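There are structures below to look over.
The two complexes that follow have chain A in common; it is paired with chain B in the first and with chain C in the second.
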Partner chain A sequence: MSGLSISKRLADALFEAAYLSLITLFIAFSVIPVIVAVVLSFDARSFIGPFPPKQFSLRWYESFLADSYYRDGLVTSLILATVATLIATIAGTLAAIALSRATFRGRAALQAALLSPLVVPNVVLGFGMLIFASRLGIIDGMTRLIMGHVLITFPYVMRTTAASLVGIKASYYEAALSLGAKPWKALAQVTLPLARTGILAGAVFGFVTSFDDVGVSLFLTDAYTFTLPVAILAQMRANLDLTIAALSVVFIVATVLLIVLLDRLAGLDAIVGRGVYGR
Partner chain B sequence: MTAALLWPALVIMAPLLLGPLLALGHESLKPFTSGRIGGDDAGALTLANYAQIAAPEYARYFLDTFRVGLISLAFALLLGFPMAHFIVRRAAPVTRRLLIGGLVGTLFLSIIVRIYAIAMTFGPNGPLAGFSRMLGIAPSSPDGAELMVVLGLMNTTLPLVALTLIGTLQNINPRLEEAAMSLGAPRWKTFFQVTAAMSLPGILSAGIIAYAFCISNLVVPMLVGRGSILFVSNLIYFRFSEVANFPSGAALSIVMMVLSVALFYGLLHLVRSNWQEAGK
Partner chain C sequence: MAVLELQNITKRFGAATAVDNVSFEVERGEVVALLGPSGCGKTTTLRMIAGFEWPDEGRIFIGGADMEVRQPYDRNVGLVFQDYALFPHMSVAQNIAFGMKNRGVPRAEISRRIDEVLEQVQLPGIAGRRPSQLSGGQQQRVALARALVTRPDIMLLDEPLSNLDAKLRLQLRREIRNILSTFDCTSIIVTHDQEEAMGLADRIVLMNRGRIEQVDTPHALYQSPKTLFAADFIGHANWIGGTLSRRGGGAGVVETALGSVAVAPGGIADGAVTLCIRPERLALVDGEAGADTRLDAVVERHDPIGADLRIWSRLKDGTLVQSLEKNVGRDLPAPGSAVTLGFRAADCIVLPGARP
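Moving on, here comes the complex of A and B:
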């Protein structure tokens, strides 16, 4: 009996060790590259030498700030992500509400079709949009980019909003109707305010998807209109200096700020959800 | 009223979904004469571009895509499940919030930045340059390039897998695990035969979603594949950027799209029909 309990305890200890080392590995693998990029961004050497650097400077930040190429890319990316997210959020939120109530045949098929850009490789979407736009005679970079980015942001917005609508009872909306509210008013004053966390989360996901996209944008940029990721990619292939590391730090800081903001506004738990047995 | 709410989405999305699809389908049937940009409009429609893809030298790109994607996915699940379990069952509220913030942050951080950071960390001058040698892989060999692609893909799928699995684990009653342990089951047995077994539909769903991300990736092979690991996405991009053979790129796009959609919805259907109410 005691032999059994010793082997059980040993097995438990082994399991615990394996469990904790996998978690440690996960964290190390996610965090170490970020630290390396941050440290390298302050490297004083003009070449990429052995890690860690001995001397530090802000030269890569200066070189990044002096480069108008990145600034142009950033402006394009911000405009593009804002416009695409706005369009996708309005259309996607309304569609999510409609689909959450709809009972018509083919509802599931319509939903799958609207979510399908999630599954199709971005390169395919970008290439298809390029050929489509050229058939329509649209050669303006920004117009093409907006078309492509609405296509890829819409599913994220609709899916996130739809998930948040699950918890909102249709009976609230119906109560407003039976109390004499017009359907539009009931929607604007009951359903939308209740779903605002989901809509906000959906919009943030959409914005990030657009801002980070490479696959679609590579096909749709032109010589004058290019997004920030496309600009970085072009520079990376031209010369792998540490300006990109400085730029990475800017991205990392912006992401951390976004997460803190999202946590304040919506709560990270609201985005992940607490589930049935969540604590 | 419900129909009115759908109209904006239909008016905007129908052309954006169907237009590129039809344009790709049409382009893929055009004959191509080298030196031109795009297909020949004068020629008769042909299936030659598809026949060309069926050649064995193209199979390599498809195989590499699906194989390397599967390896990355396996490691992402291996690391992602314990992490999700830890967040749901063990982490104190502050730790939980910090870890979830980290996961969402990693998900949001630009993929180019993440892959750049991986390249700098595991590359020849990086602090973890010895990692590949530790696994017995020469860093400059094709296997070394494959390792870098696997690491890059893992970095993009890990947060996705972990966040999806958090949702799954939160819907599993912790009392069941307590019951197993109070009946004398060891921890590891409870973990595998109760927790993991009950999470299986969620694990499969998370895996399918992550796999769709892996096989459609362009940036990772482009930046760290060193030309020896190329995915179908890279091949499509080359068709556009290097040789301007639009018909061949379009045929590749159609094939890849059909494969991805069939794989995704086929597998998801399989999971959901085997486990009622599963994978939600």
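Moving on, here comes the complex of A and C:
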């Protein structure tokens, strides 16, 4: 009897130990590279030496700011992510609304088609978009990039908006109509404000996806218009130095700022989970 | 003049006919209940009046105007939803102002009317609150205020009390009645609750399987139902099956398994009928007086229900019947004792057809 309970307790303890080490391992794997990148970005050495560095400086940040190649990439990436997210947010929201009330046959198939950029490899999308754009005679780099990035950010907005629309009772929209609001007004004043957390969350995911993308951009950049990740990739091939570490830190800080901003604007818990009704 | 008129409305969803050739009128200032079990087509009818569904056949007139091509926002209809549908991201005042803004009421007038209507529904001083900060009963009254403030031709209330607990329901039923009569508002109330319909409506449109069974005042519907469904749906009833025949003059006799019963058959044709006797019209009789028909029975049990006692007795043919006795302290026959139950011919409702 007691032997059984001891072995059971032992099994429990072993399981718990395994469980905790798995979590620790997981956290270590996701955090250690970030820490290494952050520390290395302040390395005073001119080469990539053993970790940790003995002396610190801001030389890699200076080199990033001094390098017009990276600067141009950053500006392009910011403009591209903003414009693409804006277009994708409008289109994705409208598509989600349309799909949420559609009753026609093939609705599910259409939804799957619109979400497919999430599962199709970005390299395939980028290559396809390159051929598509050249067939249309579009050779401007920025235009091509915007087209490609709308394609990859759109599903995020559509999916999160669709998810938040599910939680909005049809009676709100109908109440607005019966109170004399035309359909567009009922949408703008009732449905969209209630879905705002889903739309905003989709836009943020979309923005980050666009800002981060290499696969699609690689095909659509030209000699004068290239994104920051593409610039990093090219520099990595040409001359690998720790400017890339400094860039990573800039990336991390930008993302954290975005999340903080979002939390201030809408409340992060509202976006991640509870929605408007939990408050 | 009829504020609302439905002419031969039919609505199908695929192969199913939700509403089948429904016609009725609602007069100015009248409160009409659409009553029936779930799936009887009452909600579909309401949604067609509001403009959210379109009839396949027939016409709807509101204030004399044909609604055939009128969108919901072009109909002057006030709607109170079952879940109230108060906009959660707006304050009470913004909710109430919503309809007036859409209908072009001037700003000063809007704020004056918000104060006025909140006064009328007895919720002054809550204009700044959010719907989530209100109780169910308060939300209900704000929803009423929001619909009433635009001065609609007709108010439509969908199961207005079903989301509230029993006690609050009774209190709010009275309040809704008062509010509707304050506004002298023509109204339609959709409900599956017969007590709600009886307590709120001037007239009841009783529906079953997409068709109208009977349109009558609550009293007449209970007193003289025209169909088995109507008699069964409203109130309690005892049933006796039989065959109606008229001898010579007008007086009818129904031959039943329990003997012949004298009845006043009205316009019902000879043949299979069902007799409906309400429990309060079936009495214990000891003397000779009062009853046209007497039935021997054995008491099975008593259900005390407060002011009344419900007595369940078994008739000779095995049918269980219920009768109501006033709870006035009199000794009642104990279970197992033999009794005689009686009713008058006038208290026996004759309905066409046999019960399934």
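Keep this in mind: the second predicted complex is superposed on the first by the 269 of 279 C-alpha atoms of A that agree within 3 Å, B and C clash if a C-alpha of one lies under 4 Å from a C-alpha of the other, contacts with A are read in each partner's own complex, and residues count from 1 in each chain.
Following the convention adopted for this analysis, a residue touches a chain if its C-beta (ideal position, glycine included) is under 8 Å from a C-beta of that chain, and two chains touch if they have at least 3 such contacts.
Keep in mind that what you see is a predicted model, and the values were worked out from it rather than measured.
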Partners on chain A (chain B, chain C) - clash or fit: fit
Contacts of A:A181 with chain B and chain C, given as first, second, both or neither: second
Touching partner for A:L114 - first (chain B), second (chain C), both, neither: first
Which of chain B and chain C A:I48 touches, first, second, both or neither: first
Contacts of A:G167 with chain B and chain C, given as first, second, both or neither: neither
Vertex chain A, arms to chain B and chain C (CA centres, degrees, nearest 10): 100
More chain A residues in contact - chain B or chain C: B
First, second, both or neither for A:V190, with chain B first and chain C second: second
Which of chain B and chain C A:V256 touches, first, second, both or neither: first
Smallest distance from any CA atom of chain C to any CA atom of chain B, in Å, after fitting: 11
Residues of chain A contacting chain B in one complex and chain C in the other: 183, 276-277, 279
Chain A-touching residues of chain C, taken from the complex the two chains share: 50-52, 71-73, 75, 77-79, 81-83, 85, 87-89, 98-99, 102-103, 132, 146-147, 150
Of chain A, residues touching chain C in the complex: 169, 171-172, 174-183, 185-186, 189-190, 193-194, 276-277, 279
In the complex, chain B residues that touch chain A: 1-3, 5-6, 8-9, 12-13, 16-17, 19-24, 27, 38, 78-80, 82-83, 85-86, 88, 93, 97, 100-102, 104-106, 108-114, 116-118, 120-121, 125-128, 151, 154-155, 158-159, 162-163, 166-167, 169-174, 186-188, 191, 212, 215-216, 218-219, 222-223, 232-233, 236-237, 240-241, 246, 249-250, 253, 256-257, 260-261, 264-265
Complex interface listing, chain A residues touching chain B: 8, 11-12, 14-16, 19, 22-23, 25-26, 29-34, 36-37, 40, 48-52, 87, 90-92, 94-95, 97-99, 101-102, 112-114, 116-125, 127-132, 135-136, 147, 150-151, 154, 158, 183, 187, 208, 211-212, 214-215, 218-219, 229, 232-233, 236, 244-245, 247-248, 251-252, 255-256, 258-260, 262-263, 268-269, 271-279
